[in-house]
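Heads up, the next two complexes both have chain A, just with different partners, chain B and then chain C.
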Partner chain A sequence: MKDIYIPGLDEDARLHKKKQDGSLLREREDYKKIYAKEFFNVYNEGTVADGFVCMCRNQRIYIDENWQFVYFIDYAYALDKIRGYRFGNLTPSYEILLSHSLSELKYSDPATPFCVDYNKIIDGMECMVQRIIEEIRHSNTKRLADKIKWFENLRIKPAKHFEEALQRILFVNQIMWQTDHYLTGLGSLDQLLYPYYERDVKTGYTDEKTVKEQLREFLQILHQYYWYKSSMLMGDTGQIIVLGGSEKEGNYRYNILTEQFLDLVQELQLPDPKLLLRVNEKTPEKIWKKALTCIGTGVGSPIFSNDQVIIPALEAFGIEEEDARSYGVSACWEPLIAGKSVSLNNMTTLNYMRPMENLFRREQLSRLETFDEFTECYITYLGRNLNAVKRVLTNARFQYDPVLSVFIDGCREKQKDASWGGAKYFHAGITSVALGNVIEVLLNIKKYVYEEKNYSLIEIKRMILTNYEGMESEQKKLKSKKRYFGTDEEEVIQLTKKIMAATTRFTKDYRNEYGGKLKFGLSAPTYIDAAVDMYASFDGRKYGAPFVVHISNETADSYTEILNFASALDYGENRFNGNVIDFMVTPDFIRNNMDKFVTLMKVGIKKGIFQLQMNVVSSETLIRAKENPEAFPNLIVRVWGFSAFFIDLPDNYKDMLISRALKNEGKEG
Partner chain B sequence: MIVRKWLENQCNGKYWKDYLHTYGYSKIALYGAGELGRYLAMELRSSEIKVIVYVDRNAHELKEVYHIPVVTLEEFIRTFGHEVDALIVTAVSADREVLHEMVCRLPELPVMSLRDMIFEM
Partner chain C sequence: MEHLVTNIQRMCMQDGPGIRTTVFMKGCGIHCPWCSNPENLLFEKEEYARADGKGVYGRSYSIDELYQEIIKDKAYWNPDGGVTFSGGEALLHMDFLRALFQRFKDQGVHLAVETSLFVPERLVQDALKYVDFFYVDVKILDAEKCRTLLGGDSMLYRRNVDTLSHSGKKICFRIPCAEQYTLQEDNKELVLKFVKQYREIPIEIFKLHRMGESKYQSLRKQMIEDDDCSDMAFKDFFEHLKQQGNHVSVIRL
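Right after this comes the complex of A and B.
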């Protein structure tokens, strides 16, 4: 990163620090009192649309003269008042502003309050565009005349050139962030931009090298405001670029831009924006190698997503074929139809351990005479827990959002806000955590209670609810044994499928107020947070200790074992809201086994894994980086479903990564 | 929050008697003779589920509530522990402490948290 010039990076670092110590918030409050009074009055007292117009009139316009493109966020003027459940974790339709001008989008005869507000949003953007043009005129910026032309065109005609399309994507993206739409995705950019690229190259307007330079800058620009865009953890920005895809007849779809994005992310070594590569059986060897070489550098990207499993699952759920074929994802892995869906894919987390804890607390355990009875009882408690989950979804109220509605297909046509069902898809998604631990607990109970009769259920209750008080040796024994979850033993697979099917049974009838259905997946960002207040479990996990990460098993004998396990699961019905295998791999392993690794991945895709991501780092590096952070400022790791600088993570996340790496390398029991 | 959820449940026709019936309980004890404990006993009054005893730190002052005896946790474990099907903790802050005590002293008895259950109904 030292060699890459990123304007505003010092400013970013300063603000990041201020965000951490709380002074940014205070500074912002002062700013409100002195400078932004009008804006906040209008926003607090008027409509969202009035606030947006006021923001566009007043926010700071910043033209960085070193960049070819214009991109800025004025955090002091961000629309951040929460009037219900915020929309976020979405990808707007950038295409709308590529294929239309602002003036074309306006209603000629706004008949409803929504249409009036919609036009106000367009007016606000036109005002901002005019202010940007004025600011460019008074600057010494690179490509001054081109920039003016791009912004003038934005008001009156669709985008024509590749570079103009990039500028428009940046414009929409900055509007999203400026209006507090957290975790804003970037969509399938290789597909979206390719027609512009193709035309420009054909006419001699641009060439491959120039385009690559522009994409490099585009990625660097999007990496700015890293601190502002980060949600729960530094790096959790949701800025995901989707690459590749599948044609109707199954052929793999990619282009020169797919390759350029992979090359550039590898070269830049920035954790954000991150990449998701859609793959299928026909993905060419060179794309696999490029992708694995990229991830082999430790940058955390791309995550791999299996079209052969995901597209059919989406279609079976009711997504139209063409939309399913163009799927992207929410911030991490949850499949999402970009620009057409306001499905919030991570509304809450199903904690599979909660029903297990409740079972031990509430059940008359002596009644459970067989393992099957115990499992059925767990499933009953799971159903009760899912009632609570569904209730959280039912009670969510969405904020009126005419800004997002401009960039979601369907809203303009239906004259309906995104929050009123204007979007084509309005499903609800939940993530889940701890299924790996629950499978472990169930199979341990089968073995130690019902088969070997080493313990009674009451003894186990005492172990877990007292945090193994006086039973430390049992805890150590359980913790150090090879784990079941993620192995390809038939019993493990069948039990996992049974719990997943039960989850479907309890959730498939759910409908939200717009008829949207409920989906879930086996990956969640909450494997540390959701465990904090949870009792110990009968897999050697102590009170508050983290749960298993996604679909992972560091004690498995081989990577093949976990691929076999994951591909044997059934991701149909509503079980497709992100199911990521999470590998820990040492850099040497990939470097020295590239061909074998490509084969391994291809086999996994063919067999039917859902998604896969990996941390390519050794335990030794992680330990040294924790002890001496200044020596490793640019070390990147994969957390949840994003990449982040190791230095930015809280200690418990660092410790978990170290522990997983040690186990993976066979250095920790 | 709990009272709001309770009201929401009632508006949606969800009652404690039906929920507790799914566990097969007929005799219960309530930990906490404060407002929530009293509301719960009132709601269950017309059902087949009987509140046998309250358990409360202030048992010596309260003696009984709605003709239901109030005892200390110690007395409960000694006298009533084997007479009831479950102990429902209505005093949210005491949940962990009570559970720990019960697991050590009377591990067979189910201990439920009103706060957790109210969302599941």
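Right after this comes the complex of A and C.
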């Protein structure tokens, strides 16, 4: 990362070099002196739109002369006027600025305060565009004349060429980051860009090779500001490019750009941007092989997403057919209609262990005479917990966001801000964690309490509350046994479905103030953090130890077992907010068995898994990298739903990956 | 004789074409010194003790139970995968497995066995009715050594190989390489000569691994130490096979 230029850091060697060269790059300190007063006054007193205009006037423009495209973020002047729930974890509609010019977007007769603000945002962008053009004129940049033309066109006409489209996507993306929208996605770029590619190639304006070079640069540019864009953990940027898709009649949709993105991510070996590949039964062998070869290199991408399960689930939920078919995802996995939806898909996390803990602490345990009674009691506590979750959602107030509103379909037509229900879709999403542990606890209780009668519930309560004090052998035994969750035993599947159905029962009537519904899924980034203050559980998990990662089971007999489990679950109604299987795979395994691995994936898709991601690493490499980080600066792993450099992770994340890899290789537990 | 199963291993990538489920039957007719599945030598249940507790090797299944367990992965067997029976000596359990084989055959499931072929000829004849693919071990071929070292009848073995080779079924030889045993000079010559007669049958050679060591320990038995094979000897053997026109490949088990 050290070769990536970060504006605002005066220490940065490249900045010093530029300064010595006498280039036009201005120093951050000068800016502060000149503009700080005006900037912060407007910031504090004006509207968000005024703040934006001020930002556009004042933020530093930086033209990297080595790139053929323009892209910069001046985080010293990032707009961060937070009033209420911040919008993020979203993908704007890049298409709006590809098919329109800035001037076309403006209201000719702004009648409402929103329209006035909207026009101010466009004015602000026009101002920034003008400043960029000026800066380009005074630079020695590559493709100077072209760059000027692209930005001039941006003001007055739709994008015509492929390269122009790339520049506009970068511009929109830069605006989103500059205005503090976290986890900004990139959408289905292979589909969005293809018409430009096709036309340019047909007319001889460009060719396949040139396009690939441009995409390479595009990806490298987006990898810049890696740490600025990272949210909770390094690498958590939400920069997902969605590839592939399904036609109405079920045929697979892909094009040459799909392949180029896969090739380039494999070649560049950068954790960011990340890829999500939409697949269906008809995804051709060659795409599977490209994708598996890419992920086999350990780059962490792509994650696979099953159209055959997700599209019907979205439609049944009320998403229009065509929108459902063009779904993308939020930062990690949660299906999202890019550019049309401001559904925040990760508003809070449901912790399935919380009601279990509450049950043990509050319930009169002796009255629970059968396993069914125990399960029903757990479900009652789950309902109470979900009431609390719903209260959190109801109390959320959203940030007035005219910047986002420019890039969300529907806001302009309805003359409504995204935060007032301007977007087409405004649902609420939650993620969930620890269902894997709860299933384990329930089935252990069934076996040891109600069937074999080895322990009473009171004794289990003692184990939980004392962190297995004096009962270490029990803890060890529970921890080392083969786990239920993620196996294809009918009992495990049925119990998991039951808890999922109960979750739906408690959430399906929820409506937010714009009529949006509530959805949930079985993947959450919080498997470590949400477990920190949680008591031990009757699955051998000790106080504060991490929960199960998504849908995973390193003690399962085989990957087929977990694929069978995941495909037997029901993701209908509102249960589709990201359900990802998480594999640990050794690099050799994919390499040595490519054809068979393709078969495995194809069958998994056909049977109906939801999504799947893989960590392609060996325990040995991870252990060595933890001990000797300098030797492994580029080792990439998959955490939560994103790829990141292993060395950037906190130790507890490193340890968890090592432990899972060891188990997967049969070396531990 | 009891027909016990020690393991049903799903998603095997190395036990035949495609993705397979491999069933390990307990009990074997011979006792190779380097055996990596010591829990599958005897036909009866055996207690083991490991760090994580005690248990028993060997579980009896009804045909239907076994079928239900194996069939879970059926979806993954297309286009060319299926079920492989290993052991121990799978063919010695033919009388038990027959009904199961029939059931799979009726459904068009591809069946494979891993066999040492030290079994009565009638069992081979019987297996031919159901099994599509045979992995056949080539080990010790000198009659006397075969008897003392493995406890096997090499003439019976040779007859069985001959029967199989004329059956039209797909066969693959597997040769475990250990310098003290299979690649010992005299035996190596015999093996080379033997497989030369069957040049249409592909050969997989591999070095022995010590993954069975913990199983020996759990049975309070000692695993032999002299099971290694130098890269040079291995490569030399590989080249020999290639030179005399055999289709040979190296696998890692």
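Throughout what follows, the second predicted complex is superposed on the first by the 634 of 669 C-alpha atoms of A that agree within 3 Å, B and C clash if a C-alpha of one lies under 4 Å from a C-alpha of the other, contacts with A are read in each partner's own complex, and residues count from 1 in each chain.
Methods note: contacts are C-beta pairs under 8 Å (C-beta built on N, C-alpha and C of every residue); 3 or more make two chains touch, one makes a residue touch a chain.
Bear in mind the structure is a predicted one, so any value in this text is a computation, not a measurement.
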item	value
First, second, both or neither for A:Lys606, with chain B first and chain C second	second
Contacts of A:Thr466 with chain B and chain C, given as first, second, both or neither	first
Touching partner for A:Leu144 - first (chain B), second (chain C), both, neither	neither
First (chain B), second (chain C), both or neither touched by A:Ala568	neither
Partner chain(s) touched by A:Ile623 [first = chain B, second = chain C, both, neither]	neither
Chain B versus chain C as contact partner of A:Leu365, first or second or both or neither	first
On chain A, the residue positions that both chain B and chain C contact, one per complex	none
For the chain B and chain A complex, residues of the former touching the latter	23, 85-86, 99-100, 103-104, 107-108, 110-113, 116, 119-121
Sites on chain A touched by chain B in the complex	358, 361-366, 384-385, 387-388, 391, 458, 461-462, 465-466
Touching residues on chain C, where the partner in the complex is chain A	8-11, 13, 18-19, 52-53, 72-73, 75-76, 78-79, 81
Of chain A, residues touching chain C in the complex	476-477, 480, 488, 557-561, 564, 589, 592-593, 596, 599-600, 603, 606-607
